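Same chain, two partners: subunit A is paired with subunit B first, then with subunit C.
The block that comes next holds the complex of A and B.
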């Protein structure tokens, strides 16, 4: 199962969980599965066309999926996924 | 360098790669600290005691009671005072050999270029992305580094942006996060602000490996640091040539 972490203000979407484990073949499926357990996540992360919002960054093992294969970036069992928006407060 | 300065900075002059020369570089440098709040407080204090010769600190707010859990430049008696003014006073108590320019202004498109004039680096300690993006544009225009830092509760992140070499703030965050009142613990601001100050000192002295094209993310709940990779976006309308 891939390890999924939400950072900052997005963490409230998963009820404050620091780390979650999900089985998914790619990022799109990961978000779909997350949305099944925490309804509303998908619309917080994706636009009406199902693409990632520009304010959201998803990293797989530290690499931004925008520079990989976007939502179709494949996931392996040992992968670590970080989902975050910017930290705005100072 | 005066004997008094050699004594004051003796312990850091002894750091490998610092020396008298490094201390001189700090003394001759000028930094802009944008925001004198949670991040701005530790940044300003540590840059002042390190001997940065000229600190320009900008904030338009007044000190309020709810600031005191994290904005360690201020104390109870400062409530109601202009932050920049109170900060300037405090910084000169820590180190009266440095010049502090305390400016009570809101950073805007009208003054950001002026406020960054003659600065060697910009430390982004603001609390909103409207101003953060303005600082990014000023850094790009002036070709000077921008040390980004931000916090949320027990979490925070930072990176060092070098125009022409690294991803800019717009490459990293093309759009701002949703507006919200962020929870903030003073310790978190202290950790991230200190790391921003560390980056700035390293850049000025010219030592170590900067946090470029990578973002350090801190989670105080799990007490873990992790890194994500950053890269310039070739389509970025702000920094791509």
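The block that comes next holds the complex of A and C.
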């Protein structure tokens, strides 16, 4: 299972959880699974077309998925996913 | 060396060697003891980003300072208070280094309990502070900058980027101050 962390105020989206474990084959599925457990979270991370909001950065093992394969970036069991406000990276 | 000047939004950590040469603001931008050029800076420089309460980051800064002094970590900066114009509720700490040494730097951070790997390339940061960029546009809107002044700020940002990085790619890098 991939480990998912939310940084800063985004933790409110997952009821303050620091770390969560999800089985997912890629980032898109990870967000879908998150939305199943925390309804509405997808709307906070993605636009109406299902693309990541510009204000959200998602990292896999430290790298922004925008430089990988976006939402189709594959996940392995030991991967770490970090989600934070893109403003903080500026 | 922790540089905490109340008039600055940020608190910085530089080695004493770097902080004592104000005429060379890019003295810390190095990889394996060699200064980076502007081109190399855009290709390799970046930062690990994480959040914390100010008091937590003050405590962490004290612990990380010896690693900055020994130049295992080139530079650190963190917020004096959360950047409300970006809706951030905690302070952000940025630990700068070349991406070719980022794993070694993260190992140091992990020793102090830091979790969450979030690497921001400096090129991404610069793009966010260019005209139309996420951070610049939010900053202008939050501060109610007039259209005229906003246009000047946008033009200046673009001009500064071009003059610094595009026109002089092989010059020694002196950094980028947004």
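Criterion: the second predicted complex is superposed on the first by the 85 of 90 C-alpha atoms of A that agree within 3 Å, B and C clash if a C-alpha of one lies under 4 Å from a C-alpha of the other, contacts with A are read in each partner's own complex, and residues count from 1 in each chain.
In the analysis below, a residue touches a chain if its C-beta (ideal position, glycine included) is under 8 Å from a C-beta of that chain, and two chains touch if they have at least 3 such contacts.
Computed from a predicted structure; not experimentally measured.
Once chain A of one complex is fitted onto chain A of the other, the partner contacts of A:53 are limited to subunit B, with no touch recorded for subunit C. Once chain A of one complex is fitted onto chain A of the other, the partner contacts of A:9 extend to both subunit B and subunit C.
In the superposition on chain A, A:87 makes contact with both subunit B and subunit C. Residue overlap on subunit A between the subunit B contacts of one complex and the subunit C contacts of the other covers 7-9, 19, 54-55, 57, 59, 62-64, 67, 82, 84-90.
Of all residues in subunit B, only 35, 37-40, 124-129, 132, 149-153, 155-157, 172-178, 180, 182, 184, 189, 217, 219, 221-222, 226-231 touch subunit A in the complex they form. On the side of subunit C, the complex with subunit A involves touching residues 48-51, 83, 86-90, 92, 102, 106, 115-121, 124-125, 128-129, 133-135, 138, 178. Those residues of subunit A lying in contact with subunit B across their complex are 7-9, 11, 18-19, 53-55, 57, 59, 62-64, 67, 82, 84-90.
Residue ranges of subunit A in contact with subunit C, taken from their complex: 5, 7-9, 19, 54-55, 57, 59, 61-64, 67, 80, 82, 84-90.
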